[in-house]
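Next come two complexes, and both contain subunit A; in the first it sits with subunit B, in the second with subunit C.
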Partner chain A sequence: MIELILFYAFAGVTIFAAMLMVLSRNIFHSALFLALALLGVAALFAMMGSFFIAGIQVLLYIGAVVVLTIFVINLTKQVIGQDVSQVNELVLPAIITSLLSACLIILAVLKTDWGTRIAQSVAQSELTDNTAIIGRQLLTNFVIPFEIVSVLLLAALIGAIAIVSRDKEADK
Partner chain B sequence: MITLSHYIILGAVLFAIGIFGVITRRNAIGILMSLELIFNAVNINMVAFSRFLTPEGAYGELFTIFIITVAAAESVLGLAIILAIYRKRQVLNADEMNLMKW
Partner chain C sequence: MELIKELLYNSGKPLGELYTWAHGIWAGWGAPPFLLDLIFQIVIGVAVAAVVVLNALWIIYYDRKLSALMQIRKGPNRVGPLGLLQTIADTVKLMIKEDINPKAVDIFSFWIAPLIIFIPTFAVFLVLPFGKGLIPADLNIGILYVVAITGLTVIGILAAGWGSNNKYSLIGGLRSAAQIVSYEIPMMLVILSIVLMTGSMKMSDIVAAQSHYKWFVIPQIIGFIVFLIVGNAEINRAPFDLPEAESELVAGFNTEYSAMKFAFFYLAEYTNLFLTSAIAATLFLGGWEGPLLPPIVWFFIKTYFVVTILMWIRWTFPRIRVDHLMEFSWKYMLPIALLNLVITAIVIKLV
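Up next is the complex of A and B:
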């Protein structure tokens, strides 16, 4: 019972923050609401027993991505007047698209017969920490994707520096 | 009792909100932030499927780790491009970035 209350609380916070993030007129406020929504998702990961993913979510998303976004917002703030409309003329098509896609997924989920397999596996694995399994998999079965992703991160780092650094000739 | 459907429906709602944000935001930074919301909806689905269907291998969690890493790289590059465009042309709205539009 308490699990259900916690789930609805965290889900409510997440969806509320996401709505405010999308609708807020001030881009700085919407970055802060994004942080709140990501925190709610991290709490849901912890509720599912994936404590490692919850930690990564807090460290990488809230600690790195949101902070970086706020830096860029502050570096470009002059042109964002707070009274300028933040939405374009596509509001109605956007509402239709998002409602239709949500309805499609929800209908598909409700119509699927998940069978008995779920109940069994949940009973076995309820709130067991699987960090050890993740670590073992990363260094055995998934070692090649792991290495490739590290190269990708290096490439992104160099690319970001190359894009943002001012070219010398333009400064002269 | 929380079932798999709860998590998938939550993921669907978050995904829809993210789609709405991506389509309607004029500010390019806002579009990137809505993209992060969509990534999170996918991550919720991944972890939920992994916990409820294959808890012994944690495959969904592994893919979530890779998604988070790639999303971080994507957001770094996207913000760098936005900053470079802002420096050159002083625009931040996606509908005003029309230099390559013929």
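Up next is the complex of A and C:
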């Protein structure tokens, strides 16, 4: 009973914040609402018993992605109090993309056999500590994607350093 | 008498008995059990809030007295005996002062920033092990929760800096974000070495792994020192108080704030000081473990020991320059923490 109420509360907050993020005319407010929406998603993860994913969601998406977004907004020329339009010339492609992804999500929801899925995940999450499961899966079944991602991140890191040091030389 | 003794030394058992007893009575009335759980959770929340506020009152007084001692001054000594009521007087003053909203601020960000800073600080208390079985919620991601939630405060600081529409506030906010993001990495690496040693992120397991006085401060002495330095930088206190450096930025991100909203920043700063110390005490100094005295007393003794070290650092070192600050994190703290992690892993594998 209480779980149902909490679920609807968190889901409502998530959707409400996501809508406000898109509809807000102030870019900084959008970033704050994005943080709230991601926090709502984290709460939903926590309600499903996967606290590790919830923690990582907060740590990476809010603690890193949103913070960097806000950082960049702060570095741009002061747009405080200025209303930015929510639409630009790409409105038509955006509508098409959104509709397609909505179709994809709805299809996925309809095609999934929720009964057995829920039974499986409940049985798994109550038996073991899912942090250990994730760790083991990452280093056994998913070791190649895991390594590829680390190489990609390393490449991005080196690229960022290269761009910064090139600017320094140009200044001299 | 027996109950009090049991409550002090082994809180988990009597509290658990109280919980089942209350549930029995509640079921007798035919009320739904989740309502009682809700009441229990509200009681725990209120208790935590009381700890936060009372502790902040005391820690501010302690900071002022200690700084006075170090600078051969008297410190607060007018309001109440030994100036003990000074903080209460200050709090009342902050509450009844006029709440000024400057004309050019972005009102939404300006209002929400003190809340964004304060809520995560308050939420971290959820996983602090105050004593044996005396932990509001023993999550199985305990320490990860702490790291994730404290990372949210930086959004509040950025919102305060941007929403104030003031160049000093903006620079303060930016500095703070850069500083907290940089110093979070060595901190996480140090915490990771502790998690490697315990094999669990649960706070109660971390304390249990250090039982019989095998405190992690001995094998992890490098980690402890790095944690103290990095923790001090995370909470924006001197010598790392660049976000609010008075000599350059007026008061940094809280330049435009007054009255109750300023009080929130102030409260959050001192509560964060307590939290960092409490986490250091839990991770490295054996948590609530100690002889004779009740566990909760030991928890506060160890926490205040770390608080004293951090205050000592604050009142003796000059503020460092902003580029030195970044260099210090990336060129010294990060490699040391990384090396510590690798050594820990190798030693654990070999032993």
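List of remarks:
Just so we're on the same page, the second predicted complex is superposed on the first by the 113 of 172 C-alpha atoms of A that agree within 3 Å, B and C clash if a C-alpha of one lies under 4 Å from a C-alpha of the other, contacts with A are read in each partner's own complex, and residues count from 1 in each chain.
Convention: a residue touches a chain if its C-beta (ideal position, glycine included) is under 8 Å from a C-beta of that chain, and two chains touch if they have at least 3 such contacts.
Note that the coordinates shown come from a computational prediction; the quantities given were computed from them, not determined experimentally.
Residue contacts after overlaying the shared chain place A:Gln137 against subunit B, while subunit C stays out of touching range. With both structures placed on the common chain, the touch criterion links A:Val13 to neither subunit B nor subunit C. When the shared chain is aligned, subunit B and subunit C each come close enough to touch A:Leu75. In the superposed pair of complexes, A:Asn26 makes contact with subunit C only, with no contact to subunit B. Of the two partner chains placed around the shared chain by superposition, subunit C is the only one that A:Ala35 touches, whereas subunit B remains out of contact.
Touch criterion met: A:Ala102 reaches subunit B, while subunit C stays clear of it. With both complexes superposed, B is the one of subunit B and subunit C in contact with more subunit A residues. Touch criterion met: A:Phe52 reaches subunit B and subunit C at once. In the superposition on chain A, A:Ala94 makes contact with subunit B only, while subunit C stays out of contact range. Applying the stated touch rule to the two superposed structures, the overlap between the subunit B and subunit C interfaces on subunit A comprises residues 52, 56, 64, 73, 75, 80.
For subunit C in complex with subunit A, the residues that touch the partner chain are 32, 34, 37-38, 104, 106, 108-109, 112, 139-141, 144-145, 147-149, 151-152, 154-155, 158-159, 161-163, 165, 170, 173-174, 177-178, 181, 184, 201. Residues 1-21, 23-27, 29-30, 32-34, 36-37, 40, 43-44, 47-48, 50-59, 61-62, 64-66, 68-77, 79-84, 86-87, 90-92, 95 of subunit B are the ones that touch subunit A when the two sit in their complex. Subunit A meets subunit B in the complex at residues 3-4, 7, 11, 14-15, 18-19, 21-22, 27, 30-31, 34, 37-38, 41, 44-45, 47-50, 52-53, 56-57, 60-61, 64-65, 68-69, 72-73, 75-76, 79-80, 85-88, 90-91, 93-95, 97-99, 101-102, 105-106, 109-110, 114, 117-118, 121-122, 124-125, 128, 130, 133-134, 137-138, 142, 145, 149, 152-153, 155-157, 159-160, 163-164, 166. Looking at the complex, you find that subunit A touches subunit C at residues 1-2, 26, 28-29, 32, 35, 51-52, 54-56, 58-59, 62-64, 66-67, 70-71, 73-75, 78, 80-81, 129, 131.
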